[in-house]
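What follows is subunit A paired twice: with subunit B in the first complex and subunit C in the second.
Our next item is the complex of A and B:
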């Protein structure tokens, strides 16, 4: 899941300040799960913006709509016929959603209401934790499905640094030591032998330095 | 009955449990013109549904933070934790809240800027 957090209201206000008619577009997938851009958050933000405008003696008009997925053109099409009725689109999608909406409606002015943060999991109600860097070279199979790149503060591939205390990371005592977790899980499942392999440094060229990455599959094309 | 007697001064929105409250409910009340929004809950630890009132308090605090961002006083949304005695006399509780409300300025959301006349007449009603 891609996580995000709402921008400060002052920043959102500054972006939409010149406009009166605002189309507030949420996304019902990742950002709904992390309670930043779903239907409820669209309602809350719209209400706050309307009250703020009233208090400043301005009139604004908002229309709220939440797409199932804001990063897929088939769902974005639902905005057809609405976009040209509004001065600005305030997107509560992740960065991919904002850009996809702008791609479909290049004539529209699309602004983000969220700061896209990381790929993570819902640990418990109200707690989301980063667990994937999208490095493009997944090695979870060797590390008991615990990513040392993301979850070890030092991103170590070949064993613990030795600085952990009581199973907690020395860099951030709130965080469990990823290597403690890896070794414990491998040990309990009788796969400690996996640690005998030596892993070379990560190949970051698969992620960095070549501009945006893309995945292309002929079998999925129409 | 109480709503009828007090007219537009107060509206009741019964919930099956305070844990049903969403921040949007509180904001909608303010947006529709309320000067104050009170969320009345049972004391913590006695919720029939385990922790409905705990969740209600947290959501109320979230809504308070949001209204502060737009320049509204956080006190306009208030948590009222009742005692068993209060629950038996919601009438008395309500009248007490209304008396307290009299010291709160009219909501700037409802009172349009530069409309002194409206403000004056409103104050008259409040007296």
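Our next item is the complex of A and C:
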């Protein structure tokens, strides 16, 4: 999923300060899973903003709505008829959601309530970890399904570096050395020979070669 | 054919090589490099110049190497992949050769979060093994990455590092082999204080026949004090300073600890000379270049051979 964290209330307040009527829009997919932008968080943020305004003697009006997916136009269109009734859209979607809403309603003023962070997994309740950088050229098959680009601090393809000690990364002792994990898993499954090959330099053009990437598929076009 | 580096000639003629390290200043003045060069000249075969080590901005390795070359020393250009992408790396390789620098040491580099530019973007476009392969291809095939031909290939003796004290231990030798296969011709190791572990590592190296394929120079850093030993043991990643070494320093008065540190280094060098497959020593006397001539003389490695 795409993970995100809510911005500090002070930052959100500063962005919406000029406005009285606020449409608070959540997303029911990734950011709901990581408990930052789902229906529950939309409700919590709205009431926090209202409460805060009241304490300061201001009056604001909020309307809460959570879309199934804030990055897909057909869901965003549910906001039609609502958008023009509000001064600002406070989006609790990821960066893609914020931009998609603005794309559908270009006349609206859309601001983010979240900081989008990474593609990751839910490790345990309340813990999400990054494990994919979306490099566009997945090599997990060679690395025991542990991504060295994401999980090694140096992104080494032919690791580990000299800073791997007792299974920990020198950069952050709370982080396991990705290469120790790769080697252990390959060793335990009798595939250590996979590491004898020298991995050639990555093709970063698949990640950032010519600006924003797009996927275009004729078979999906209507 | 361009002249080979002194380091290459010494190693290829079977002598026990001695290299040292020179950390450039945090400033634009060339004097400090020249001064360090003069202390080392004649006592070592070659001098490594670190490349913004621990991620701290310093006078660049390439310029420092050129300064040392002018003073008649044989510099080893350390090049890390942390700060430059493949375009800059290959360009600097050509520049180094054009300036008459004949040795290169390929490393990934200390992570930027350790230095004084913690907010920097770590490049790591290539890793150290890929850089070795690229430099080897430039020299031997006269081609840059992607296959385009160079008008003139660089002439460089190509090295890499190995840390026998990092984990996972058994994999360390496999990784060394990868470096050799990628093109490393000489290896300089992390500082050796734990001789037992180093000997075990060397045995694995010999078992794979790697000592016949690559020249291995054991790393030596004389300890100045108990404090330094404890700092290195606890704070420096990938460093293994056993308790008995720390205790040995503790056992002498503070004033004599430098002398004791030198004694330990001398004994370590003497031991390394006897280990099969060790072809030299790399002395990293951190801000203590004056120690190098004494270490070299007291281990009967002076004078350096004519090659």
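Basically, the second predicted complex is superposed on the first by the 221 of 222 C-alpha atoms of A that agree within 3 Å, B and C clash if a C-alpha of one lies under 4 Å from a C-alpha of the other, contacts with A are read in each partner's own complex, and residues count from 1 in each chain.
Here, contacts are C-beta pairs under 8 Å (C-beta built on N, C-alpha and C of every residue); 3 or more make two chains touch, one makes a residue touch a chain.
These figures come from a predicted structure and were not determined experimentally.
J.: Please indicate which partner A:9 is in contact with in the superposed arrangement: first for subunit B, second for subunit C, both, or neither.
T.: After superposing on A, A:9 lies in contact with subunit B but is clear of subunit C.
J.: Which partner does A:48 contact after superposing on A: first (subunit B), second (subunit C), both, neither?
T.: It touches subunit B, and subunit C stays clear.
J.: A:157 contacts which: subunit B (first), subunit C (second), both, neither?
T.: Only subunit C is touched by A:157; subunit B is not.
J.: After superposition on the shared chain, which partner residues are touched by A:57: those of subunit B (first), subunit C (second), both, or neither?
T.: first
J.: Who touches more of subunit A, subunit B or subunit C?
T.: C
J.: Identify the partner contact of A:216: answer first if only subunit B is touched, second if only subunit C is, both if each is, neither if none is.
T.: A:216 contacts neither subunit B nor subunit C.
J.: Flag every residue of subunit A that touches subunit C in the complex, lowest number first.
T.: 153-167, 170-171, 177, 180, 183-184, 192, 195-196, 198-202, 204
J.: Quick one: in the complex, what on subunit A touches subunit B?
T.: Interface residues on the subunit A side: 8-10, 40, 43-44, 47-48, 50-52, 54-57.
J.: Name, in rising order, each residue of subunit C that touches subunit A in their complex.
T.: Subunit C reaches subunit A through residues 82, 86, 108, 110-111, 113-114, 122, 124-130, 133-134, 145, 161-163, 166-168, 171, 174-175, 177-178, 181-182, 190, 237-238.
J.: Considering the complex alone, what residue numbers of subunit B touch subunit A?
T.: Touch residues, subunit B against subunit A: 22-24, 27-28, 30-31, 66-67, 69-72, 108-110, 112-114.
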